[in-house]
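Below are two complexes that have chain A in common, paired first with chain B and then with chain C.
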Partner chain A sequence: MSTTTTIVTAGDSTRRRSTRRVEPIYYLFLVPTLLLFTLAITVPGVIGIFFSFTDSIGIGEWSFNGLTNYIALFSDPAILQSYLFTFGFSIATVIVVNVIAFLLAVGLTSRIRFKTGLRAIFVIPMVISGIIIAYVFNFLFSNSIPAAGAATGIPWLSTSLLANPDLAWIAIVIVTAWQAIPGTLLIYIAGLLSVPGDVYEAADIDGASKRQQLLRITLPLVAGYVVINVILGFKGFLNAYDIIVGLTNGGPGTSTRSIAMTIIAGFNGGDYAYQMANATIFFIVAVLISLLQLSLTRGRNAL
Partner chain B sequence: MSARPFSRLRLAAGALAIALLSTALAGCSVDGRETIRFTFSKREAIDFMTEVVAKYNASQDKVRVQIDTSGVDVVSASFVRGNPPDIMLANYNFEVARFVQRCALSDLSGTRAAASLRDDLQPLMDQYGSCSGRVSALPYSVMAASVIYNKQIFDEQGIQVPKTWDELLAACDRLKGAGITPFYATFKDDWTAGQGWYDYSLGGSVDVVDFFDGLNAEGADVGPDSAVSFQKDFARPISRMEKLVKDYVNPDAASRGYGDGNLAFAQGKAAMYLQGPWAFSEIAKTAPDLELGTFPLPMTDDPSQLAVRVNMDLAAMIPDGSRHKAAARDFLEYLYQPERIKAYNDSQLGFTPTKGAAAPDDPRVAGMTEYYDEGRIYQGPSVLVPKTIPVFNYAQAIVLGEDPKSILKTMDADWARIAFRAPVVKSDASASAASPETEESGE
Partner chain C sequence: MSTQTMTTITADGRRPRIRMERVNWSGTIILFLCAVTVLLPLYVTISMAFKTTGQAVDGNAFSLPAPFSLDGFVEAWNLTKFPVGAAISLAVTAGTVVATIVLAAFASYAIVRNWDRRLFRWSFFYLLAAMFIPFPVVALPQIQLTGRVGLDNPLGVIILATMFQLSFSVLLFTAFLRSIPLELEESARMDGASTWQTFWRIIFPLLGPMSATVGIFAFLYAWNDFMMPSLIISDPALQTLPVRQNLFQNQFSNNYNVSFASYLMAMAPAIVAYLFTQRWVMEGVTQGAVKG
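Up next, the complex of A and B:
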């Protein structure tokens, strides 16, 4: 189905292009951006991929070593674990963020008091830098919550979540979600406001309960926004770095090392070529996800 | 309209060219002095070193030294651009050792500074790799680290500094019996588990130089069946470390960080603290008069195995790409003048690496002097592995209760994997004869 749509849109644009002659000046407008993009992103990217087939450490002499880096990469449990952690964490965070943001958006678009003020408050986390949020929560998890646990005599509260190798990822999900919810919330509010009011009036007349309205009317009508939020969020969480550094620095042990963290650790440790190979794989994964997103959203628009 | 971006680009390119040219010509400055760029980024000592530079500049009229405190990342980038500093004093670690391994530093063997150094430090420098036929880096400041203890608590409990494993356990039991936490641990910060617990435990019972030489020889074959391996050689000291962690640390160690540890130790909440001399100034912020001492962690029943952990806190290097090597060497000799290098090390509680230099006159590090003077020193096993192996994280996992066997096995596999893809350690025949890493692997 999506292929048909592609052909239709492609046909659309060619027809438009042929009927209206494009001013050449528009192409010149593209030049500065194209140059900057090429110099700052494409060229370094290609150089990086090139060096992933060498034994370079970033400086000095190097020689080609073929696929050695890639072979080592696929047998490296640390790399494998970082991929597993990053994907697991991203999936969990996407679910948490979207459920909470959607419910908040429903609340904030309904007829309640102090709507504007509440919206402003809920959006504040978005403007705070991730590393600052991480350090504040780090203090809460390590000191405040255990202190409260000790004072109230609740044993499971009195040990830090960050110190538990099996549960530290939950803390990262909580903090990441706290920061990511506002952005998602704004998109959902926009989506909910785009639903015409008369469908709800009709539903009221037909005697649909509020819950039925939410599940049968609101959710299907904002489904496109859900897809966008899920995919944008997922891609963002795959790059998780600053919040993890501030909270656990990959620990306890190696339980919360994300892909971005292993790549950067490689640079700092003089392991440029190897982590370039890792980055290349990561790039391919990101491209695949983007293609998935494109095909999904295209299908949604066609509906 | 269309010309704008291009002319702007040309402007930018022109500015860049001028900038590059001016750095190239910086050597011939207005007053005829040769200007050299000196990289130094140890935060605590920048004031001290700025003063040294000012004195040097005033002492002669040939060379002007400019101090550059922008840090290691900037320096790495300058090497990549082919415009490295003319002389650097930097922490000696794997990050800096890259420049050594790829022969990006000039040979300093002919300098008076090199001749004045203690001979037993060179093997430690070589642990990070070397460039055949060159002395690429000279130690300038050696930091010694071992157990920090609260002298008052030890005196009150009538405890002598332990020299053997059994004495250590006895001391811990007595402290515990008196309701005092023997060790304050801060496992939330993974590096404290690596620097203190992991390194002191291993350095106290394993010959670190031999171990890593053996590991390098095994290369990609490191594993359960190799002659040397993490899982074989580290198992016993690590299990002893586990015992200390299990029985004698503060119960909330897992959620305490370095800052918490300094505060708690300053408040007398524990008798011993596995940290380096850098913690002294932090502890002194809370308790300036607290009497502290140091002793190497005894891990065996043989007192002759006691040794202190050292790191080359500063090493001097002159990059090969410098266009002012002669001037840089002159400044290097100035830095190594006996009273100057001694004054620097005294100010930082560091040990001076030159022959016959006295130890810093501070009771807090006095406990380590005899070991340093006798050369009973080792470099931390946690810093002798490439950073690709997240050894701090591994150490943290062990102290937090993960099975050390599986972690040591993982480290073997990590080591073998790095040896497999890095030509630095093996395969000298396959690479081209001219490439410097081949020469290095010949050793």
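Up next, the complex of A and C:
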């Protein structure tokens, strides 16, 4: 919010003191969209926050119960587990995605052959529906890999990754990364192409090795792109839902239930108001991360 | 295609290596091996889809179909009512893409041209604030509200998906509109064009590249999303393709050729569309992500 106000004041200073009338058609361009937007997002948001302070089950009578839902949330092991899982999964996926995407981007911008074709292949996962590719991987994890493990006599391969409560999250990281790498990759390619070539020329003359050039020149120069990718990725992964439904549906047990899944479960489970409190907390988390993003990218622009 | 190859070559040309003038073959080979991990799941999907049920259950996902069978497609087509699902997915996607482009362009134009007015300036930040709100946060009240006003159907999904795409799209459009000189419009207005005409004849064509970016994001979101339609559309007969895969998961049971044929039919349109428009998709995503 603080950043918003600074932008407003920036707008104020450049404001022309015009006395012209606004043409009515501009209101026609804007106001219907504003109303629709308010009804579709703002009103549900306010309703949700309102009901988080009640004991509503979604229909029928309800009464206020103050902070009861919030207090209960913080001592609910199921909720804590879903936050722990979602954050752990998101952090792991962000690291995996960014390391792989960065290395691929370095490869794809170097002197290789079939550059266009390779790049086209690497972007394909982005256009595939998350839940459908999760079903494909589900088959591989639960049928093909165990079958291969049984055939080769490797015991740890012969049981399904998805059936192991301690390891199922790894499968979710793999599939999410498979799908998220293309978007990250494209941003890194844009970043790498923005680095001027003469920097490397100078490094070559000074006798820097390829590895030194990557770590000492490339990485610092694309640091801004790393920040964008890490935060955008992390924000997206916190909402994880589709791929988990397709792979484990939250199981085995509740070991891979994400925050989004617990909130949605509240619709059928009768704890509507309780999950609205959960959603409100989740909203605050999302806002905090967005503010972090704004301050970090703003700082970068100021350089 | 050709222009892209050209640009990548010139981009490389700016970076002459003193010792590395030759092609990096080891890098090329490593990248090809990485590309296999992308293509393998797609290969499995295609080969499984063309198998007979008998061959599909043996668990060997990597074998080629023998004999080559279309049974899976026929059964999946009938079981999931594919034509209905495809029509609804198409309608939801087209509706979301068109509505997002038009509404965001309208709003952005009004905002940029009336930036000196408080209402328009505040509207901008109001619309942008939605970027803070993930769908799960407002999902439950939205399910209730759409149900109450009779929008628990594909139309409701179009409206909600459009509203969620709006902040990002308005951000892109306004940034672009600010760079368009006023003189362009003034000459049109001099010739007696109204604001409405100016918008459609001058501004909207200029917004073309940005509309492509906005449209690609809206397309990928609307065509592939599972969460929103599964929650908002209450009648299973009106569900989109991704949700149908979930609904029929139990009925596919061990007929893996049927399920994979169904997956393939659901993902193929987006892949084919991508192969024909890959240059725009890559440019659009890069542009959108870097600016957004």
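As a convention for this text, the second predicted complex is superposed on the first by the 271 of 303 C-alpha atoms of A that agree within 3 Å, B and C clash if a C-alpha of one lies under 4 Å from a C-alpha of the other, contacts with A are read in each partner's own complex, and residues count from 1 in each chain.
The rule we apply is simple: a contact is a pair of C-beta atoms (placed from the backbone, for glycine too) under 8 Å apart; a residue touches a chain by one contact, two chains touch by 3 or more.
Keep in mind it's a predicted model, so treat the numbers as computed, not measured.
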| item | value |
| --- | --- |
| First, second, both or neither for A:266, with chain B first and chain C second | both |
| First, second, both or neither for A:25, with chain B first and chain C second | both |
| Partner chain(s) touched by A:75 [first = chain B, second = chain C, both, neither] | first |
| Chain B versus chain C as contact partner of A:58, first or second or both or neither | both |
| Contacts of A:144 with chain B and chain C, given as first, second, both or neither | second |
| Touched partner set for A:219, first chain B, second chain C, both or neither | neither |
| Touching partner for A:245 - first (chain B), second (chain C), both, neither | second |
| Partner chain in contact with A:84 - chain B first, chain C second, else both or neither | neither |
| Greater residue coverage of chain A in the superposed arrangement, chain B or chain C | C |
| First (chain B), second (chain C), both or neither touched by A:163 | first |
| Footprint overlap on chain A, where chain B in one structure and chain C in the other make contact | 25, 58, 143, 146, 266 |
| Chain A-facing residues of chain C, complex | 1, 4-5, 8, 11-12, 14-20, 22-25, 27-28, 30-32, 34-35, 37-39, 41-42, 44-45, 48, 58-62, 103, 106-107, 109-111, 113-117, 120-123, 125-127, 129-145, 159-160, 163-164, 166, 194-196, 199, 220, 223-227, 231, 241-242, 245-246, 249, 256, 259-260, 263, 266-267, 270-271, 273-275, 278, 281-282, 285-286, 289-290 |
| Sites on chain A touched by chain C in the complex | 4, 7-8, 11, 15-16, 18, 22-23, 25-27, 29-30, 33-34, 36-37, 39-41, 43-45, 47-48, 51, 58, 104, 107-116, 118-133, 135-137, 139-140, 143-144, 146-147, 178, 183, 186-187, 189-190, 193, 196-197, 200-201, 204-205, 225, 228, 232, 235, 238-239, 241-242, 245-246, 259-260, 263-264, 266-267, 272, 275-276, 279-280, 282-283, 286-287, 290 |
| Touching residues on chain A, where the partner in the complex is chain B | 25, 28, 31-32, 35, 55, 57-61, 63, 65, 68-69, 71-72, 75-78, 141-143, 146, 159-160, 162-165, 249-255, 257, 265-266, 268-271, 274 |
| Chain A-touching residues of chain B, taken from the complex the two chains share | 1-2, 5, 9, 76, 79-80, 94-95, 97-99, 101-104, 187-190, 252, 254-257, 386-388, 390, 393-394, 396-397, 400, 402, 407, 410, 413-414, 417-418, 420-423, 431-432, 435-437 |
